[in-house]
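Heads up, there are several structures right after this.
In the two assemblies presented below, subunit A is common to both, partnered first by subunit B and then by subunit C.
Moving on to the complex of A and B:
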């Protein structure tokens, strides 16, 4: 009973989206929308099925996933290390804080042409874009989280003879985890955006390339299908990560 | 813990700027000493010289103006639309039913993917870029406005109504001012992405602007010009954010938030 009721509520919640889709389809069929504005929703879905069956979609999505994962994972590890280090060690803070402050207002997308010059048009430049896009949100949130750890917790552990390493792993990191995870959530959406932009701009593979390639060859149904995929992945990844956060932080109150 | 005694003698500004200056010096030196290829990393001095030249001819300033214009136009349109939708969503249940799922689906989407569609619909000129910026900025503004308006102290609204204030005046005189800090938070989150997205759209479709300037330089392998673009965009971003911070403090001068800062 319960899951069904939940499903019904979800369906009701997303009804406005369905209405927009149906209205669009109806306007396209009756000719109110001129066909040069692009394919109708049904045509887009047909093109999506075709892209999936001939394997293009899976291949490009796989390449994009690999780039996203490589840049994202390395950035999260390094960013957390730098952020926590800045909060805990004086000299690390002295060195990195001004750099972070200066880089923060910089629009990261401006670095894409530079990355293309440095790393060429294949995987490396895209991974670097993802890496740089993730870095600052993770560093600043890890810094804020690790700074906000209650000193009493650390003092009590220390007075009980806990080593600095154990304090870091058992107290500072768990206490900073909510902040780190919400920084990682921002990083996830920023990096997907930067990856798709970089692939749209100059690339020979990946979902962004699929959009620009199909668009340039005039196959607008496939272009809309590729855009639908990119946008859905962004949305689903965020939702999935939100569930991961809730699950990881189930031992404490978390509303996000 | 012993650091403050030592730092006491070193002037604060020196500590503050030491590491960026060290990075810049290392950049210049590594090129001068031939450690890195000046094509991949032109010396800081040559980048600055080139920037001075480009500013003198007015070339880069023209592109910077285009970028600022597009970013501001899109941002202002998003502010007007976003605050309106946010207020409607908070105060009218039918609007909430309609817009809430749209916002929750649209917020985490990588909106830049729609650029190809906007080019198809609006052409490669300013319109597609400005629409793209508006679409990117509108979601944080809607959700911040919605949150702000739905958290307004109920007693304020009740007292105003009790004294016979019309609904319209309650909105303008009570609800909007009370939720202003949150609305400004939303604007502050949306603002940097306006610039980020403007630059990307300029890289994707031609029509000048700093993004177009840089991607053209990268295609012709003029690495100094690419760096000039990076420097100018950084300066523009920093300047706009500073102005935004001042405006926020000015608008919220009456609010507890500003009193706390003093």
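Moving on to the complex of A and C:
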């Protein structure tokens, strides 16, 4: 019964979205909305089906996924290492702190033209954009998490035989994991935004390219369909990641 | 031969404040093998600091601490510690916590599981092996911490107000369990407490530390007089009289 009830609650939660979609469709059909405002929801879905069957959507989504994954994964690994290192090792902090402080307030999208210049218009510039977009949220959350680790946890482990280096991954990393994961969640949404922006700007492939290409060729139904896919992927990725976090941190919930 | 020697031990915290804090100054103390020593003193007099120095968690500012004649330089599994607030690894289950130290010593899975199970049963937590610490009461968490420390079979047990966060009943039960454990398997114990009755009930000797900067004020023999309530009260009163002088100084 419980999963069904959960499904019912979820459906109820998103009902307003459904109503907006239906109202939009109704207004488009009755002509209240002028057609030049863009395709109706049903037209968009028809275009989506077409994009899917002719393989374009799958190809561009696959390319975007690969870029996102490569940048995101490498950034999470490196960002965690730098953040934890900054918190626990003096020289790492001395080296990286000014860099982080300087880069923190910068709008990362301003870097996209530079990345295009350095890495060309193909995969590498996009991966670099994702990488840089993820890096700071991960570094700062790992830094804060690792700094907040209770000394007594470390001392307990030390007196149980853990060496001072092994403390980093056996105690500091797991203890900082809740913070790290919330930083990673932010990184996930920021980097998706950056990736699509970079692809929109200059690219030959990817979902952002699909949006700009279909838009420029006047195929607004397909453009809307591509936008819908981008939004849905961002949304689903966040939901999925939330569930991963809950599972990884399941030791924290009280009622079980 | 003495098991632990504090010789002229001094600890100054530089900290962020302009004037450094002299936590303890010139502590001399000797503890025999298998002796159970309690430490009492006003709040902030450096009792925890003393244990942390012996644990090797903090650097000395002066003097020397020797265990078996060798100077302490870093933490080691010969000195186990139990903190007031347990300091369990929240991401590990009860079993995971208790067998952590054994795994760190490179013991194989089957063997360490068996040993850990023995200690879990000893602290009466059978059935909770796969539970995470968050879901246990304070008393149960402190039992896990005790089992985790004992599992490594340290020579020296450092206990920093281990029962201070627990209710009176749980504290009483754990005191009895600790005494039973200690009588079965002798260890050298340094036990910090605010509760002078607890000091009398558990320890053979009570060290009273002065207000900050902490020094040893007096040592009181508490090896006898545990038979009846009246004797315990009398001994506790004796410690109180010494302690009161220091409390008014803070």
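Here is the rule we use: the second predicted complex is superposed on the first by the 251 of 256 C-alpha atoms of A that agree within 3 Å, B and C clash if a C-alpha of one lies under 4 Å from a C-alpha of the other, contacts with A are read in each partner's own complex, and residues count from 1 in each chain.
In this text, a residue touches a chain if its C-beta (ideal position, glycine included) is under 8 Å from a C-beta of that chain, and two chains touch if they have at least 3 such contacts.
Predicted, not measured: the structure shown is a model, and the values here were computed from it.
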Would you mind checking whether subunit B and subunit C clash or fit side by side on subunit A after the superposition?
fit
Could you tell me the angle at the CA centre of subunit A between the CA centres of subunit B and subunit C, given to the nearest 10 degrees?
90
Which partner does A:14 reach: the first (subunit B), the second (subunit C), both, or neither?
first
Identify the partner contact of A:192: answer first if only subunit B is touched, second if only subunit C is, both if each is, neither if none is.
first
When the two structures are overlaid on chain A, which partner does A:160 contact: first (subunit B), second (subunit C), both, or neither?
second
Answer with first, second, both or neither: which of subunit B and subunit C does A:171 touch in the superposed model?
second
Which partner reaches more residues of subunit A, subunit B or subunit C?
B
If you stack the two complexes on chain A, which partner ends up touching A:152: first (subunit B), second (subunit C), both, or neither?
second
Should A:108 be classified as contacting the first partner (subunit B), the second (subunit C), both, or neither?
first
Of the partners subunit B and subunit C, which touch A:134 in the superposed model: first, second, both, neither?
neither
Between subunit B (first) and subunit C (second), which does A:234 come into contact with in this model arrangement: first, second, both, or neither?
first
Look at A:117 in the shared chain and tell me whether it touches subunit B only, subunit C only, both, or neither; answer first, second, both or neither.
first
Determine the nearest approach in Å between the Cα atoms of subunit B and those of subunit C after overlaying the two structures.
9
Within their complex, subunit A touches subunit B through residues 13-17, 20, 37-38, 90, 94-96, 98-99, 102, 105-114, 116-118, 189, 192-193, 196-197, 200-201, 208, 211-212, 215, 220, 223-224, 227, 230-231, 234-235, 237-239
Subunit A partner, complex, touching residues on subunit C are 52, 55-57, 74-77, 79-81, 83, 85, 87, 89-92, 100-101, 104-105, 132-135, 148-149, 152, 154
In the complex, subunit B residues that touch subunit A
3, 15-20, 23, 40, 97-102, 105, 108-117, 119-121, 192, 195-197, 199-200, 203-204, 210-211, 214-215, 217-218, 221, 223, 226-227, 229-230, 233-234, 237-238, 241
Of all residues in subunit A, those that touch subunit C in their complex:
150-153, 155-162, 164, 171, 174-175, 177, 251-254, 256
